[in-house]
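Starting off with a structure, shown below.
Labels for the chains are A, B, C, D and E, by order of writing; each one numbers its residues from 1.
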Amino acid sequence: SGGGDDDNGGDGTGDGSQIYDKKHISRVNQVPTNIQWNPSNPSSYAQASQNLLFDRFAQYNLAKNEFVPYAVTDWSFGDKSFTMKLRDGLTWANGDAVTADDIVTQLKLGMHTGTGYADYTKSIEAKDDSTVVMHFSQPVNKTIVKFQVLVNNHVQQKKSVFGKYLNKIEKDEKSGLHELQNFAWKEPIASGPFAFESTSQQQVVTKRRDDHPDSDKINFETYSYLYMEGNQSVYNAMTSNQIDSVATAFTPPHILDQLPKSWQEIKFPSGVGYGLVPQFDHKHAGDRAVRQAIAYVLDRKAIVKNAGPASKKPAELSVGIASSAVDKWLGDSRNDFTDYGKSESKTAKAEAVLKDAGYKKQGGTWHDSDGDVVKLPVQVPSGWSDWVTATQTVVDQLNSFGFKSSVDGRTFGNLQGQVWPNGNFVLASGSWLPGGGQATFPYFSLRQMMLENYRGFTYNYPAANENRGGNHGTVTVPKRGGSGEMTVNPSERLKAMSHATDEAKVTEIAVEQAWVTNQDLPMLPVAEKQTQSFLTGDVWDIPEKGAEVSKVRWPETWLPRLGKMNYASN
Amino acid sequence: MANYYVKRTARALLTLWLVVTLTFGMIRLLPGGPLTQLRGKLIRQGYPPQQINSIIETYQNLQPDAPLYAQYFDYITALLHGDMGKSFTYPRTVASIIGEALPWTIFVMVTATIIIFAIAIVWGALMAYKEGTRFDMVSSSLSILLSSIPFYVLAIGLVVLLGYKFQVLPVRYRLSPGVEPGFTLQFVTDALYHAFLPIVSLVISGAGLQALAMRGNSIQVLGEDYVRVARLRGLSDRRISVWYVGRNAVLPMYTGFLTLIGFNLGGSVILEQIFTYPGVGYYLFQGLQNRDYPLMMGIFLVITTALVLSVYIADLSYGRIDPRVQSGDSSEAY
Amino acid sequence: MKRTDDSNAVADGGSRVEEFSFETTTSDVEVTWKERLGDFYTEFVYKPGLVAWDDRRTRIGGIILTVYILIGTVGAWFYPEPISNQVPRNLAPFQDWSAPLGSTQSGVDVLAMAIHATPSMLIMIATGGIFATAIALVIGTVAGYSGGTVDAVLTSFSDIAMTIPGLPLIMVLAVVFRPDNPVLIGILITVNYWAGLGRSIRSQVLTLREASYVEASRTMGVSTPRILFKDIIPNLMPFVLVNFANAARYVVFTSVGLYYLGILPTSVPNWGIQLNNAYKQAGALVGTSALYQLVVPMVMIMGIALSLILLAQGLDRVFNPRVRTRLAGESSSLEESDENTEVMSQ
Amino acid sequence: MISEQTNVHSSEVTDPILSIQNASVTYDDGESYVLNDVSLDIGRNEIVGVVGESGSGKSMFAETILDAIPDPGILEGRVVYRPDGGTEIDVLEQSDEGLRSMRWEQISMVFQGAMSSFNPTMSIGDHFHDTLDAHDADRTAGMERARELLSDLYLDPERVLASYPHELSGGMQQRALIALSLVLEPDILVMDEPTAALDLLMQQSILILLKELREKYDLTMVFITHDLPLVAALADRLAVMYAFDIVEVGPAEEIVDDAAHPYTRALLNSTPSLNAPLEEMRPIEGQSPAPINVPDGCSYHPRCPLATSECVRNDPAFETPSPNHAAACFHWEEAREEIALNYEDLLEHPSERPGGEDR
Amino acid sequence: MSDAPLLSLKNVEVHFENEPGLLDFDGEAQTVRAVDGVTIDIEENDVISLVGESGCGKTTLGKTAIGLQRPTAGSVEYKGHDIWDIRDGNSDADIAWSDVRRSLQIIHQDPGSSLNPNRRIVSILSEPLRQVSPGLSTGERRERIYSLLDRVGMSPAPDFAERYPHQLSGGEKQRVVLSRALLMNPDVILADEAISALDVSLRVEMMDLMLELQDVFDTSYVFISHDLSNARYFTEHGGGRIGVMYLGKLAELGPAERLIQNPQHPYTEVLRWATPNLGMNMSVTSDFPMRKIDVPDPINPPSGCRFHTRCPKAREVCTRETPDPISVDESSEAACFRADERHEYWNSEPLDGVEPESDPGSTSGGVEMD
């Protein structure tokens, strides 16, 4: 269980005055000796501990849908600029102060490695020791900047360590990048409240710092990550109290039931969705009538119930907007949208759509006007068990409707490497949401749906980017709330959205493009995933169940910083 | 004699070379070249597209897109220098991964195989000695029954029962957290403690068939004239059972023993997956999943070398332990 | 020197020197195709069956295998296919007769999954076994019988095939070819399994081809293929049969393992997929509530493996003429005396 | 145990070193007799040859002497061993330990087929060591004796001791086995077809060596073979077995020159030999019986040309054509008259033997 | 061509190359000279018996004669044509290889192992008929088989025909083997120790049967045995010759009676000594007629006359010169200097352990005719 020896207990009145020689154990799913902490090097980049070791510029609270300042305490927008103010007293674990130069180094490295803000950023400079300014080439939507700069960055690439790579890159970009991306940072200098201590085969060990601005909120000495692979191991470790927190683990209800009472599940939308990606070149999947029929047939709620009701929700509406944000962005216009049936199989509607388009049902199976059977195999990464279950159910529903469907399970690598880039599929399971807090902002999710699913599928949607087989072309759909048709260019409209600083304009484009996705169905949204994080309250003081403060990604590294996850001394 | 050794060694080397070449070619056949795989991996880790492109470009210096013959040539020369390249997945060289993982796999597999044979020989001999008795009947049935369980099914069963239900034995990892490798008692006992279930599942599911083989051999040897004559010569039962029956019954199993070690190394892919035991099998599976070409090729090669080596040793040493085998081809293990 | 025509040279004088003619016998020997069919039946069905039934191991093994074949044919024909939500989710076994062995978290009947995994498994076993033994037989006999360069080439070929680690090789190939056809999977799994077998067949052929009766056939000018089919291969049959069963067991173990690891496509039902599902999704390891999902496929795997092992233990007797004639009740009195002459003749 | 007097023949031996009395071996729970109430005395220092067709029970007889019938055979009767000046030992009553030390030290045995009598994975020398150790004999002295024995048998001791069995030719193995059987200086050597697998030249050579060994080591030998002419030259006495029983016993010369039992005579006639007239070599018609259905009465009656109804009904007792000669036949006198031996002429006129000059 | 012998072996040599073994430290390839320069003719309806010690090359020579073993030197001619030329298609003869093959058959020593245990007798015996008369129907084939089985004394034939080999006694098996060879209607049958495995009492019967069928089927026999008395019986009845082999060479060749009554080669005398002989001198001669028991290694055969290391009459010249076959009479020859009264042998020094002996003619008298 969580603690070490507790001979240190005593006169502590809490609140950081008394430090306990206790160890908090969390979970990592990488072999610890392989982990490294250079974010520019994709090989074995840390997948949990980086959040503890490095301070995030700002946090995004998914309950309140707001940005929470952290390492950057203040930010402001100019016409074409963005200014950030660093927190006072921020230091690296080796004692050096965190300076604006460090941040500039990091952001500039990001420019070279092509992070999101590289698109519109012209230059980055340190105004003074604690102020950083980014200059843009044109006005940019603030929400986009906040997500791409504040939420997605940690105070991490210290100039004394990474400066030399930047110099090199500025001289010779190619070889400099090569060196940077091959640099494995195995003994990182932390900026967060815990400093790196050691790695071994089984664990990563970090020690509480004294000189972090939030140090006084933390009353335990050690924070370690225990290596654990597979959900089964995690369940086992949780039931036997071998660990104290888990950042994310897909946990079905009957396992939840078996967990000791002290465990608290923190659930929030992960911003990842399960949906079907049609191949638009395909005779049937490329036919809007078939896509709509599929959408009618699918009983999203039943699918979710099979694949894990504890961690999934059915997609609210078949549009490119996360369920929680649908009301906010669509408002009253929501009623205009086609409801394909969230918790039922609207087979009559589906039949009608198909028959209108010239399909016929013969001997229980749908044929097109040429007499070809409608065959709809669905691909799924075979290792992703909940996706496999969902896909199995999708297939069964399609089959009982009269399509010929089957599960086509392949390794993710195979799909990713061979199948999707070449369009070798009819329907593929894929995410229709971009992941994380940004999923709540329609710009990101609509892009994901129509233009640039950077998970790498190709589906030859006309509006899509070239690397998805599209040509940034136009799409024609019926007019919303009336007769006639409308033809729009989604690529151009979304670009306009990214530069719109005016909320009304953003909303207008969001509703318009949501309508396009609702009618044309470039993807078929099915479910949204919930992240399940776990904390134990057996020897730890943690926020009460359902507290808003916990609803951030990586709560087990966020709460200690707020003094909301401490050793329970009594 | 020198002649034979030279010939056999040359053949082992040739086999090795062919397997290296074959392995190289085969893994190149995998769908998705290394770059597309890498791209997929980066995407999964949430890297934005532009960044991915730049990473990929830098990887191009590693020239996975160079002409095959050049890659092949580089690969062979590097191999000869003991360099198996750098893993795509892990920030380490393949050699260091293997160097760190292999001893553990070998430890588990060799221990398991030795125990399998020790049990099989004693048990099989006892069955043969008591042929036709109740003991023989029960033992034969039991060994057949045990052999019908695949080791991984047994492993899962043991994990459920001893690991999760009763929590008496560890079901994952090579060591407990905090225990560091070294020549300490704690390390050794902890390593054994963690290897216990993997070894037990191999032993239980593997010993039965070998015991039956030993039983068959022993029954045959027991019927040989020289055993009868040895009894008539008044030799002690001990002497007869070890040197007359045992030795001659074990001899045919000797090659099987060495090849089983090599074979088990291949089986470690499943076993180490179940027990999250980061040995070469574990890394091979990871490499396969991630299309980590250098890692896959390296491990594949190591396992192959182990097999070639064990067959080679079996061939060469069989002539030493069985005096009947003298010349040329007939001394081969098969 | 020419032999003298002196009839005294023959012990009995001239009386025995009569022209021998084949037509002296009065027996009218006619063989109809019906008789041949009958012969075939007795030789290849009735008597092997008799021998197999006589041995407890083959009897039990045969019964179990027959049960699996029934499950795989009749069972799979009648029992509904596994579909999600065909029954309520997470039913415990023996609770509800709509899913006698319970259901999964997506409402799939566990028994239906187990039953419908059988046909493709049987096909896999059969093709794997046939492929491995057939290739081994061809390579082993050709190499052993022809000798020389052919032998050297084929033997080196098998050597190399043998030294490639089986499971890793299969995994790589499975990823490359993504076979979902059970026939292909069976072949894939035994892709280098035959090599060891081929070597042992070769060494047996090396001995057999020196056997006097093979030499006699050669002396008579019998064609090589005919010698192989009539003299060599029948004598390898016991060995081949046993190894067929062993190869089949290997196919079961390996395919289930690969399905379990998720390396083979999941489009065909398989016990390994069931195991995987139970392990990874149903959380069968923790607690006991989903244990049945693990136990059902395990029992299915072990049952068929057991039948194959039992068959492997006893099948070598099936084509042993001594055993079959004894069991068929043909003149047995001579057997003992025969063994004596063999003792003496050595 | 001594129930049927009929089977005790009167071929008397004074002071036998070994006497086998009414020995029977049964298999299949007494269903099949493979040795049927056999009695034979073996005199000190003599060579007794036992001959018979294949399957007639010769090996069983040899194994009886050492109480070494293979399982699950059941041996009944008595085997009495009288060492020089020692007390009688009833072999079949010996404890396991007693039997273990008696075998090879006092009575040793050479089996049919030398190749299979040696452990293929041990050198010949190790076999000697093992044997000496097992009987707590002195190794140095024992090996000295082994070397001498090997040289006596015309073998190169050092080379042979260092060799593995398969490195020796059949003849050499057989001689090495004989040396091994004599290394503990036993009184009696039982040999079961020791030369069957060898060519005639080697067989003859070994016979000569055996004769020499007998002189040198004061051995008593029981030599079992199916080859009557071979053993006739070596043995002092011959016992002829038919259908699991001894049918005739007598001095070798007398058996060859004037056998009394029709079977013996037929056997002699059926044996090709160098100088008998070719026309008179005759096979014995019919087959010898299997253990399960031995004919009642005289077991040879179905093949015997002289058989009468008496032979069918009664098992003949031993008759004594001459004091040291016994034959179990009612018609032995007729046999001598009616069944001519094909080499009889030669016996009457030894000088006419072709090519019979000194060599 | 019609006067050419049926089968004629000229200077036949068969050398086996042995790979050096694991324990042979010299590592040189070794040559076993199994047959070393043998010339012999076999006529129609002839009998040639080969006798000699184990390993002297009897089987190899026999197999070479019937074309189962390719000679490394010399030729084997069938009706005047080299069979290996026919085999290789280098011959202009009007004989096909398949005819040659069919004409030369074999009977092995071990009747047990020369019958395929998995085939019934009828199937085994159908095989030759298939080869010789492919057109026969199954029924006709059976008819012939039954009649032959009856002929060799296996009645009721249909019953025996349905049996497997293991259901036959040794003698019966050997009859089946003989029948199989005869059904090929061959010109020559090689009987390699064909009767050695049988009980003594069955041997005469088997030999009688073979001879009887020789007349019916018109075949010649090459009869191999290590037992001179069997060879005598067979050869004498068949009216042929016995060849005595020693270490790959033919020591002596001649009609049985002549060879046994008046051996010309010391080795023949040794063989005769070794053959037990009922009714003769019943006690074993206590002296070996040889100077050594064991046969020399065929890999390094002795120089000169190969027998000189063991020969009781060897003289110095025997170690140097190899004796050529010397005609003893029209049908026999011996490869010993002693057969030549004028040879320098007689003046040569006896070797160690050889009893001196003076003039020729005193021991080996004139050639006796039978």
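One rule holds for everything that comes next: a residue touches a chain if its C-beta (ideal position, glycine included) is under 8 Å from a C-beta of that chain, and two chains touch if they have at least 3 such contacts.
None of these values were measured; they are calculated from a predicted model.
S.K.: By label order, what chains touch subunit A and subunit B together?
M.R.: C
S.K.: Identify the chains adjacent to both subunit C and subunit D in the sense defined at the top.
M.R.: B, E
S.K.: Measuring between Cα centroids, which chain is at the maximum distance from subunit D?
M.R.: Farthest from subunit D by mean C-alpha position: A.
S.K.: Let me spell it out: compute each chain's centre from its C-alpha atoms, then which one is farthest from subunit C's centre?
M.R.: A
S.K.: In angstrom, rounded to a whole number, how far apart do the mean CA points of subunit C and subunit E lie?
M.R.: 45
S.K.: Could you give the separation in Å between the centres of subunit D and subunit E, each centre being the mean of its C-alpha atoms?
M.R.: 32
S.K.: Measuring centre to centre with CA averages, how many angstrom lie between subunit B and subunit E?
M.R.: Going by mean C-alpha positions, subunit B sits 55 Å from subunit E.
S.K.: For subunit A and subunit D, let me know how many angstrom lie between their CA-based centres, rounded off.
M.R.: 96
S.K.: What residues in subunit C touch two or more of the other chains?
M.R.: Within subunit C, the residues that touch at least two other chains are 11, 175, 263, 279, 285-286, 337, 341, 344.
S.K.: Identify all positions of subunit A at which a residue touches two or more other chains, and write them in rising order.
M.R.: Residues 230, 236, 383, 411, 414 of subunit A touch two or more partner chains.
S.K.: So which bits of subunit E are touching at least two other chains?
M.R.: Answer for subunit E, listing residues that touch two or more other chains: 169, 199, 208, 237.
S.K.: Under the touch definition given earlier, write down the residues of subunit C that touch subunit E in their complex.
M.R.: Residue positions touching the partner: 1-4, 6, 9-12, 16-25, 27, 29-31, 211-213, 215-222, 230-231, 234-235, 237, 319, 321-322, 325, 330-331, 334-335, 337-338, 341-342, 344-345.
S.K.: List the residues on subunit D that touch subunit B in their complex, please.
M.R.: My answer: residues 66, 68, 70, 100-101, 103-105, 108-109, 111, 113, 116-123, 130-131, 134-135, 164, 166, 180.
S.K.: Okay, in this complex, where on subunit E does subunit C touch?
M.R.: Listed in rising order, the residues of subunit E that touch subunit C are 43-47, 66, 68, 98, 101-102, 104-106, 108-119, 127-128, 130-131, 137-140, 142-144, 146-148, 150-151, 157-158, 163-170, 177, 180-181, 184, 197, 199, 208, 211-213, 215-217, 220, 237-241, 255, 330-331.
S.K.: Using the touch rule from the top, collect the residues of subunit A that touch subunit C in their complex.
M.R.: Contact set of subunit A toward subunit C: 230-232, 235-236, 239, 252, 254-255, 258, 302, 305-308, 382-383, 385-386, 388-389, 392-393, 396, 399-400, 406-411, 414.
S.K.: Name, in rising order, each residue of subunit E that touches subunit D in their complex.
M.R.: Subunit E reaches subunit D through residues 53-55, 169, 199-205, 207-208, 226-230, 232-233, 236-237, 260-263, 269-286, 288-289, 292-295.
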